[in-house]
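Shared between the two complexes below is subunit A, which has subunit B as its partner in the first and subunit C in the second.
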Partner chain A sequence: MAPAQKEAHPRPRRNVELLLLVLALTIGIGAQVLVGLNLEDTIDERYYIEGGAQAALALAFHVVLRLRAKYADPFILPIVVTLNGLGIAMIHRLDFTSQYEGVADRQLLWTGLSMAAAMLLLVLLKDHRKLRQLTYISLAASVVLLFLPIVPGVGQDIQGAQVWISIGGMSFQPGELAKITLAIFFAGFLANNRDLILLAGKRIGPMTFPRLQDLGPLFLAWLIAMGVLIVQNDLGNALMFFGLFVAVIYVATSRISWIMIGGVLVAAGGLLAYQFVWHARNRFDIWLNAFDQEIYEQLYGSHQLVQGLFGLAHGGLTGTGLGSGSPQIVALANSDMIIVAFGEELGFIGLSAMLVLYLILFSRYMRAGLGTRDHFGKLLAVGLAVVLVLQVFVVVGGITRVIPMSGLVSPFLAAGGSALLANWLIVAIVLLISHAARRPIVVGPMLNTTGAGASGTEDPLRGRDTAEQLAVRDENTAEHAAVESPPGGEQR
Partner chain B sequence: MNNAIRHTWVVSVAMFLSLFVALSLTQVVFTDSLNSDPRNSRQLIADAGAPRGPITVDGTVIAESVPSDTTQYDYQRIYHEPELYSHITGYFSVVTPGPNQSGIEYALNEYLSGQSDAQFFDRISALFTGDTLMGAQVELTLDPELQRLAYDLIPNDERGTIILTDLRTGEIKVMMSKPSYDTNELAVHSTSQFHETLERLEEVEGLHLNYNVATNNPIFPGSVFKLVTGLAMLESGDYEPDTELENPSELELPLTESTLPNFADGGCHQRQEAELNWIFAQSCNTPFAAAAMDLGEDAILEAAEAYGWNEALRIPIYVQPSRFPEVADDAELARSAIGQGSVTATPLQMNMVASAIGNGGTLMQPQMVDTIRGSDLQLLSNPEPQVLNEVMDRSTADALTEMMVATVEEGTGWRADSGRFQVAAKTGTAQRGDGDNTVNSWITGFAPADDPQYAVTVVYEGIEMSRGNELTGSQMLTMLEAVIEE
Partner chain C sequence: MSELAITVLQFGLLLLLWILILSIIAAQGRDMMVSKRARTRANRSSQPPAPAPEQGGTPATVHHSGQTPRPRPKRLVISEGPLVGTEVELGSAPIMMGRAQECTVVLEDDYASGKHARLFPQGSRWFLEDLGSTNGTWLGDEQLTRASTVEPGDRIRIGKTVLELRT
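Up next is the complex of A and B:
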């Protein structure tokens, strides 16, 4: 191949990924070893085995990507491996306290299972567009997953929220998987009905409002969210599901009016919840009057939140260093409140760096949505990205009193198998979408189009002239260059 | 559609920014108020691991913090010769966390931890230089050699206390109590080890970890309280050392069936009538009980409170008030006048009585801190000798001294008689009323009688009577001969 053409081809950039992956593993495993050193543990074969397992899993994932999705985004996997590794290290560190034992091993096991599941999904699915066929099955699956915990005999009530099911002694949060199925349903439904919703509508002033009958799905989403909130006492997931739907419908239609209607519904839902759901009102009271002695002392009071703030403050700018803080003082330090543990021991600087990692990861998810050619893929990527961003926002915002606290866990960091599995599956799906976005040619049995038309009716990058998009456009032209040449051909 | 994606991205980034703002508020801006919240136990852990200033006696370190890298706590508190000073220092535990309340560690916690107002600039400079804040150094007034002597004197199987003070200044030179313990065993970082030791030490009879026996354990004083009744008698003007008094071997107590006897094996039965001086020296009970009933409760109470009864002190460790409570009737007053009934005294309180008499009636505030110096050796505190109370005039003090000298030369205090100088003292043997025939055996006094310098109090709680008599007088003499130069 001539050099000029080689440059024109989008590069798979798998080597970049490998390099970053080595860095990610160094950080994750290094953190674990640091914990061991700081807490006077002997660095024996357990550390080697666990570190080796993490490295092997990450490299296996890398190889799967090389084989099955070689144009996938090269930043996603290293970031996720870093966060996951840091999470295991912190859980390991908390295992040294008297409250926890053996959680890190379980987390590593779940990481292995989740990554294996994600790899399997990558290999079996091959193309994210297949998921579009599952639109309505996903809806049914979501409803089942969400309401399984309240089925008598299966469900469990832990910490005032009914989100757990128990099967054969193992606890699982099916609602975590509902994040994926709901995102698939919303993306599929809106990709199918987007034109209808777009064309119909009433103009009032500068804004176009949807017809009443088109509002149906929005109300359905709202009802699901309220159901989750009221039946399961799960404020965090309710917020996330509704936020997910509003974001996806906004992206599908580009109409601000949806966000306004969504905002009104959130306000109404919040008001109703405050009036009628003790759990929600309690969260509000805690949020507004965290330091009130009475609220601090009451059952399900602000004790956890306040102790979390103390932990963050104790960490200060630079943190106490891994193993030198007292994160175990905060309840649920290795799951819901693991952010506090990081804030205390790595400080504002360390925690900010981790938030930046989340921000980059989120941006890469969005980038996959920007780049892919099909509406379904765009909406799905955006949906999954919003799921990520809302989880982080709800968790960190809850801990820092930006919003009322609710029981979501930080993706990839917190101890808990269900969330880990769901988030890794999301990674697999987004990697497939990004692979579809960046691969040079789209020829497959899934689409009726072939050749140049495969890039879709809408060129996603036409007419964007900002500095940010320049690089994107370069890629785009390269894409077209590649599309013009038949597969395997060398002439231009 | 892509525009909408970008808008979504912008909104999300804005949400992230709000998180950064909130985090920086919590972790950088408002850390001080969060860290100082009383509900925040992390500060306690940080304090527990912070270096504390050393405690020294005569320049020798008896307590210091050394770097420790085995636990989450940065420093380990260690004690030298802990058995000698356990009741003085108390111990600093990271488990509880903080200093236990018995000693200097607690009383001067602010100085030792560097948090006192006087160390404000040290804290500021530590903040800017990043150096570890060092606590202040506390030099005690104790004399290590005399403290060692007292430690060796008290038998290990007895509950004894020896106090020696410079009565001219109030400085405490010796304050030794047994049983003692190894403070290092409780300054450990391991919670389980701490609790194991605590359990074991709590089994030891007479060992109190939470307070200093010499200052916080008021017990029946017995006849040493006659120094108080004696003061009330002399102050009334009705009595002089040579006033003849009736000395019946038993006194019927009004409104009761019981009587108050003189000790059968003492010298009191020799004379049915004697002058106060002789009665005092022989420690006869009945004349004092009769005099107290004549003088009334208020006179005795006034004398007791002049010496310091019913009032707490900080020297700077806490001194529990010795009690002279309201008495119900004359019978109780009679018993109280001879140190039984409802009156109690701490060893230090009794030593203050002897000190006041020896110092011509002027009671100096007891003090165990010599200097407090900052980490740069700058003087932070230098307690000057302070008058606590003018208890009596000099002539009364001289009269009491005369009677105390008689006690040593021809009375119950003969074991404290020194060939080198005149000793003034008063003995006491208090019934404990718990049926096991043990007593509180006391002696308190000072020397030289013609130029008083040091006051000594020796007390054994719950000891067999003859053993107590043997130990107290001779040990007082040993202490006095050791401290008063030839």
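Up next is the complex of A and C:
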């Protein structure tokens, strides 16, 4: 009994995190040094400064967790630091080729900014349940963020997709932040309206279909996704937003009919896009006939995809080694196609390790959702987990020709500040949720009516005269003792 | 640096990646076995609750000496209702139960009030108290009118939810 109880009691496990973090930093910084060694760059103070900065940031994050969210999940931070470090190393490696210049420094800068923002969020937010109050504000924010890039004067058109804005010479992709605000909206909306959607409905066969008026928000989400797709030519984000909504509503109601309806709508949307959006049709053609000579040679053709496949094949089982391959042949090798660069230089063994890391990270996000006691937190964690896994699926599926390729970037790896910022903020929110999930309700003896562990224990007698509290208790103890002989030791 | 050394280091990097994965999985242990644990608990609680230990027992019990005071129950388990299988660790603080989000135990039960009942510790016992709920709080077969003690195995019924204390 004793060991079982010991196991049941949650431990902070921050020391485990520290150990894994050291391993993670060794991998990230080691990869970068390895790049330098292999490309015969001198290992000078630049490497020390960059490695030191990464280590300092990761350890600062660890300390913030120790102070502010002691019971947060201990595996999320090491995994994310590993992926981020490997990303910087690969971007650094591509900076040695003629196509790219100084991207690694910018990525490191953005990593620092993002981690600082995530730490700030951890410290300021304290409890994820506060986000529930922002349900409808987040919806408004999402719409603004998504449609900001098409406002004339602010937006920029890069590579056929209008998803950028430029502020003072810096490009920023506001749609990345919309992932978070939309997840907050869906979680808040469904936590409020779940019962309504769940109770009403028509049973057809083994499935219960929702009423038409309850489908409203789903159609709204579909319209937003289609709007994003048509107006901005952004296939990946459209798929992600819609997938996010279907997944969250499925988790909220556990009705398979939502998945069916979602699938039908995706098919319809895909068909419409294929008919009317040139960009989408182009992507479909590339996907289906990648090795067609004509499509390979045309502008915006399948050159990138096919070269990516060749790159993966070149990597083989163990890869060419960091710095020995030629990943720069593929266009956008350090952002959209960075997975290919890893596949070529780390091989199947390295790339599959990274995919397993994503899988573990996803399972940790889901675990945080399973553990937390409030509905909103559960749905938010699931939504954010789905955001992560859909990004990975769309990117890896795209480059391996499982689905049409689209412009999403692999989380934490690819060069790009806005995606990095959004993903680190997601990490902060999930860490808060997992802290709420694993935290014991009582922190120390008797301090929790007002102390730090008190959140959630609303004592109706708090603030009243303590004599009254004692009187109630004493009377009842005495009465109880008189009526039935208590099983304790006091009478016998 | 020689070609060989670099190759060895490259393989070392791949090895480190997998070592990281394996150590994460090893450190997770049984953490991912949520549903299985919940299910076994639900099964156990569907059996008729064991009579409260040593109730009306013979005078020759260990507790008789009075040297070892009985420990206060440490867990609150939901044995029936929508949240069946949920467990809450009890410390030394009062626990609020109800539908309101600020409650310690948030019940997803349409028959529970916002702030339905309160469980508070006193000595080696937990006391249950109704907070003026609409549908009342039941301890065993009786509706609570005032705060009274709860023993491990007693059925606390709130709406459609039944909770039990466990040691």
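What to note about this one:
By our rule, the second predicted complex is superposed on the first by the 433 of 492 C-alpha atoms of A that agree within 3 Å, B and C clash if a C-alpha of one lies under 4 Å from a C-alpha of the other, contacts with A are read in each partner's own complex, and residues count from 1 in each chain.
Definition applied: a contact is a pair of C-beta atoms (placed from the backbone, for glycine too) under 8 Å apart; a residue touches a chain by one contact, two chains touch by 3 or more.
Just so it is clear, the structure is predicted and the values come from calculations on it, not from any experiment.
By the document's definition of touching, neither partner reaches A:102: not subunit B, not subunit C.
Legend: residue contacts after superposition of the two complexes on their common chain; A:314 is shown touching subunit B, with no touch to subunit C. Residue contacts after overlaying the shared chain place A:78 against subunit C, while subunit B stays out of touching range.
When the two complexes are overlaid on their common chain A, residue A:247 makes contact with subunit B while staying clear of subunit C.
Judged by the touch definition given at the top, the superposed model places A:16 against subunit C, while subunit B stays out of reach.
In the superposed model, A:375 makes contact with both subunit B and subunit C.
Residue contacts after overlaying the shared chain place A:152 against neither subunit B nor subunit C. Looking at the shared chain after the overlay, A:350 reaches subunit C, while subunit B stays out of its contact range. When subunit A is checked against subunit B and against subunit C, the one touching more of its residues turns out to be C. Shared contact residues of subunit A with subunit B and subunit C: 347, 363, 370, 375, 458, 460. Residues 1-9, 12-13, 15-16, 18-20, 22-28, 30-31, 34-35, 37, 39-43, 45-46, 70, 72 of subunit B touch subunit A in their complex. Subunit A meets subunit C in the complex at residues 5, 7-10, 13, 16, 19-20, 23-24, 26-27, 30-31, 34, 37-38, 74-75, 78-79, 82, 129, 132, 195, 318-319, 321-322, 346-347, 349-350, 353-354, 356-357, 360, 363, 367, 370-371, 373-376, 440-442, 445-446, 448-449, 453-454, 456-460, 472-473, 476-477, 479-480, 485-489, 492. Subunit C meets subunit A in the complex at residues 1, 6-7, 9-14, 16-21, 23-25, 27-28, 30-32, 34, 52-57, 59, 63-64, 66, 69-70, 74-75, 86-96, 100-106, 108, 110, 115, 118, 120, 122-125, 127, 129, 131, 146-149, 151. If you check the complex, the residues on subunit A that touch subunit B are 40, 247, 250-254, 291, 296, 306-307, 309-317, 323-326, 329, 343, 347-348, 351-352, 355, 358-359, 362-363, 366, 369-370, 375, 378, 382, 385-386, 389, 392-393, 396-397, 400-402, 458, 460-461, 464.
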